[in-house]
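What follows is chain A paired twice: with chain B in the first complex and chain C in the second.
Take a look at the complex of A and B:
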């Protein structure tokens, strides 16, 4: 009954809002009123949990947002490719190496796609993978700690968009270059594109136990743009499919010059074949430089290894690794249905959508049913691989996800809608508007062999008038639709951070039981840990001062430090001695030219501080931890360079008694 | 459809949340520990482990003399409190602070909630042995 009242109140509001706002300017408004018992379907009562985690790429914020479905509530922002002063990610000495690349420390990126690890084609709840589009990288984030554990740079890539799509047992994830570039950093005229520019696709092996990544091999391809990708599954396991555009090989005004050809390609890759050639030693080892950064859960620290080799297979020399399937007009999405039989090409500029059949593709290859070749690579006859076309589906198809009942859901950017159609019959079943200009969309488990279904979520590029205005820059947004019945029903709008691109959802029941609560202090292997107040101390090494500090509700030890001089570099290694869930402490010091650090129970993190002038500098805990949190503070005395103030430190010692470590 | 909150996965090893029922003897506190057997002479291995745990997880708030820092000093605690009460206080502190009168009195004094430091039953027993030694038992 309660939910009824809530709903009624809500609908009155919506209608009122509709009358007031809409009359002025907005012809489409009435359709925004949700139908039926939408409110109760997304209502998660206080204290209750959501059914799904929604893992959403943050686009240009370089982060991942973690939301609940169906409520749309934002739980956490996970820093991946961008520094995050809130937690000290990228600022603390321990996490700085995570953002190292061959170019130096790159503190920002553009994170587009999420791939959740799978076993036998189904979600296994272990890792989230994500790509950095700008300075090519891939990351692995733990589903236990919800932290970025590994970042691998991709050499020979001009922008890592076609990534990180994974095979059904997470054997490989791929990183296909968006922009072709000359290999090895060659200095050539841009106009020599056809001759000098090449594409590159990295196959990254994932260790099934540790999740650690390494580049197994790279495919060298003709120069054009790789957009998106999906691995085969079931019958098509062993294959990978990539959408390619700019087969015109244009290098300027792509908007026009890369939109000339009637058809671009879907590139089908037989990666098992590539493995065979590698096993025969056919790969060529090339000198490159790329960073591999790993965060260790025991030392709570990241390390960077500079790698210098990669094994390359040039597909123009091995024409049975790769085949091109013609696909109308600049395909974007290239999505494989849960059975692995159907491959959907979404030509951004096409008026229909081709669906290819893996069985037919195999038959066409066997019969050498080719219409020609591109740089020596066979181009399959369009009709020979075609299962059929979805006629007049909408304008500007981008991406397709699948439910567990044989239906597909495609996003249409230009006509701002989601269209539901049947994969086998290709019949359009339903369409709903999105507000506005949908990009990616996501069905829980949509890219797996076993979709969880229930919802489709739209990630929109434009919100315009959907939320209270906040100046020129508006929130991005998602919209949740119920797909349990024949008709899709809009349930909820919810704002998102950054610019969401791809997202996945996974049942909460697969994640919550394994979530890390604390780091055991006994297992803390950070070399700068103080495991107990008895180990708190200050040491000088030349002009480096190492403060081994402990934090517990609600004091820092030591909290009086003297004998630091201008010109010194002070490292505050703060260990949180708490062993209870949800009791982080923070540390900040006045004038620090970086950020704060947040330290989880049992963890050690380090903030570097360089005093520039003499004086007394306060520091304090930034995370409200107890009734006496405001007391959790201390003083650092900074003396002039060359002065002879002795090094001393204490806690709870009143002057006169002070003598070294005070307990 | 909402999923229910998952049950606390640490339940097996963590007696804290399991026994909330009041026990007959209030001087033994509230929690899974109903009876502790104490032997003499003291178990030196336990004392050593207990001291290590103390240094790492308790020393920041408890001193070994009778001075209160954040929490009360531990001097004479084994004569002031039953061993069961002490172990329940360590293992089941949230419930103790909600329901045990003695624990509540202390909270009113200290105004700081004693944290759950995630000790196992064995750990807590080791700390108890260390406390006995600190109180002069042999």
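Take a look at the complex of A and C:
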């Protein structure tokens, strides 16, 4: 009995001890660790400025988010490919043409990548460029006004993903099709992919003075998917590199069918060679239709021109323009280091990362060191172009940027981490977790010849528990890491709007001195401007009513308008007469099947309104402009169709006894 | 008639020529700060015009019923160029004629003009600050908005400063030189006597 009890007691103890040990062995859930001085490194004191502007793509919101680094504060949501009722972008008569395409007015798009203009490979602070992934377009945004100034549609493209990457001196930006499609809108069976589907890469010339874009030429390529790209720089200036996937040429269940080949390609394009062929008149002019929209800073208005031609070079006819470099497993990133010598392929399903050498590539081309061809285009031997492989870097490499010390930072989606490695030695130096599943990353100046370094920012695809929950749909999560030392240190989480696919950062000192504060009223060339209250008036042209209205603290002129009838179309052309920084006025009218307009000092914007029933309709200033903002309002009298109410307008006129209806 | 010492003649001529600057730099400045304008607003008064943030100042002042500031409001801008021209001419003439009564006359003329200018500016400021539109949006009983003649004054949410601009200071230097020369002449002549 006694021994029995002792045994029992012992066995209970053993089990308990076992449980304790077992619990101790269970892996701990990951916890976020920030270093002690993280707060002070991201603290920007009230009234002080951030060191960098962070220009962040908004993905499916079609906009650009402008943030400060290191604070992570959001300064502006800048509409590009999507309407923005807050400012009236895409709603005002002046901005509607910005979203015109050959398909009509397309009010939304998926803005993926940012490219900041460069000169000699370095940031110059002139323009930001962005691509529309869905209805293929590229946009140019001014760094002075932080406004979209130009949108160019891309013909022959099935979805503009490998875009808008730029050459060293912003000579060209590219637009490579994500989806290959039959050219010229041919009606063919989907299963005829191999026969009929083609790729298309547009080279868009940028005017160095005005920034105006035009499609210089298109390369016609074999049909598969183009993902990302980067231009060569330094020694490799004159070349462009594109990652290609679906070299299987699958057209269904790509998840499986486009993941079969051990190696897809990085396509190296000698664009200087393409220029030579064009100069010899070898390009073929094709009939196409695409919209070119330009916003003029003087008229505050956009205009659309429909273009109808594009010059095409079929690379299968000119094989020395293009070479394929085998790259493992559906490469996403295709990133060129600051020297221009190394090209990093990120096969998103591969267990290692190849780094190619531009010098070796040139030698391989010279020696015709090919392993075969693809649709007549030479495929270089993998080993001949290879500088080396980064072994076991992580899982799911996507994108690489560089610092100024010869290090690379690669994002790993599947293993949810950033890995730092040395470009020359290919040695992995450090790794940090990201929260969660990082997509792209950004080092300030990371894609240029002269990175600014200091930070790497992770733009994550999954947010989960990082912020206070807000129902099923969450903000996007970004993380800021200090890279000034040997080890990367997590400093800050900050939420981002839309879904960032890429971002660039530029020193604030290059941007702030040039920022537009007001538009000079004397330079306002909008044909509907009223450049003073003396010019405010209402004119009838058939059933169109044009109200030339002025706004100044704290009244609208005219603020009493009569003689408008049901069936009329009323255009409120509102000019903001202010000439002081940060005094916008807004304008909205009850029941308008439209948005509001925000009018910057010295600017004119037009809101269209169709009254549907008779009555008195109030309108007012929507931007709290002054102590008497609440008084900044007026009335529009709408009479029945066919009534004979005379057209009249005034501000500050008090009549003896108002005349009643039916007069 | 007593003649001037050579150094005095030179000083008189130099002081007169200093006043030529009045045609090239602002004579007076008014600066204003408010919580919304930490960077400040500036109004510069020149010999024949006003520059700076005049439109912004007028736009703000209309709430309390002050007049819109326009160059046409000031008839002084029509003839100030002649008055200053006369002063310069008189000073140079004094140096040429080289008599002490001319130096006396020039000193009195200069000081008199200076006082007259300040009185004129005060009267304008009084009218601008007191003569308010009775229908103005903001009407605080007993409150007036006369800008300071010289120095700093708090007016509602604004701190206003008034003082000479570069040209004004050069005028002050010229006046000090002329008065100094006169004092010097009187003292040295007494010793000689």
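The rule is short, and it goes like this: the second predicted complex is superposed on the first by the 623 of 663 C-alpha atoms of A that agree within 3 Å, B and C clash if a C-alpha of one lies under 4 Å from a C-alpha of the other, contacts with A are read in each partner's own complex, and residues count from 1 in each chain.
Going forward, a residue touches a chain if its C-beta (ideal position, glycine included) is under 8 Å from a C-beta of that chain, and two chains touch if they have at least 3 such contacts.
Every value quoted in this text rests on a predicted model; they were computed, and no experiment measured them.
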Once both complexes are superposed via chain A, do chain B and chain C end up clashing or fitting?
clash
Taking the superposition on A as described, I'd like to know which of chain B and chain C A:37 touches: first, second, both or neither.
neither
Thinking of the overlay built on chain A, is A:49 touched by chain B (first), by chain C (second), by both, or by neither?
first
Taking the superposition as given, does A:579 touch the first partner, chain B, the second, chain C, both, or neither?
both
Which chain, chain B or chain C, is in touch with more residues of chain A?
B
Who does A:518 touch here: chain B (first), chain C (second), both, or neither?
first
Of the two partner chains, chain B (first) and chain C (second), which one does A:124 touch, if any: first, second, both, or neither?
neither
One more residue to check, A:569. First (chain B), second (chain C), both or neither?
neither
Please work out whether A:276 is in contact with chain B alone, chain C alone, both, or neither, and reply first, second, both or neither.
neither
Common interface positions of chain A, toward chain B and toward chain C
552-554, 578-580, 626-628
Touching residues (chain side chain C, partner chain A) in the complex:
53, 55-56, 59, 63, 137-138
Residue ranges of chain A touching chain B (in the complex, touch as defined):
44-45, 47-51, 454, 507-509, 512-514, 517-518, 520-522, 531-534, 550, 552-555, 557, 577-580, 583, 626-628, 652, 663
Show me the residue ranges of chain A that touch chain C in the complex, using the header's touch definition.
552-554, 578-580, 626-628, 631
Which chain B residues qualify as touching chain A in the complex?
1-6, 9-10, 55-57, 59-61, 63, 69-70, 111-113, 115-118
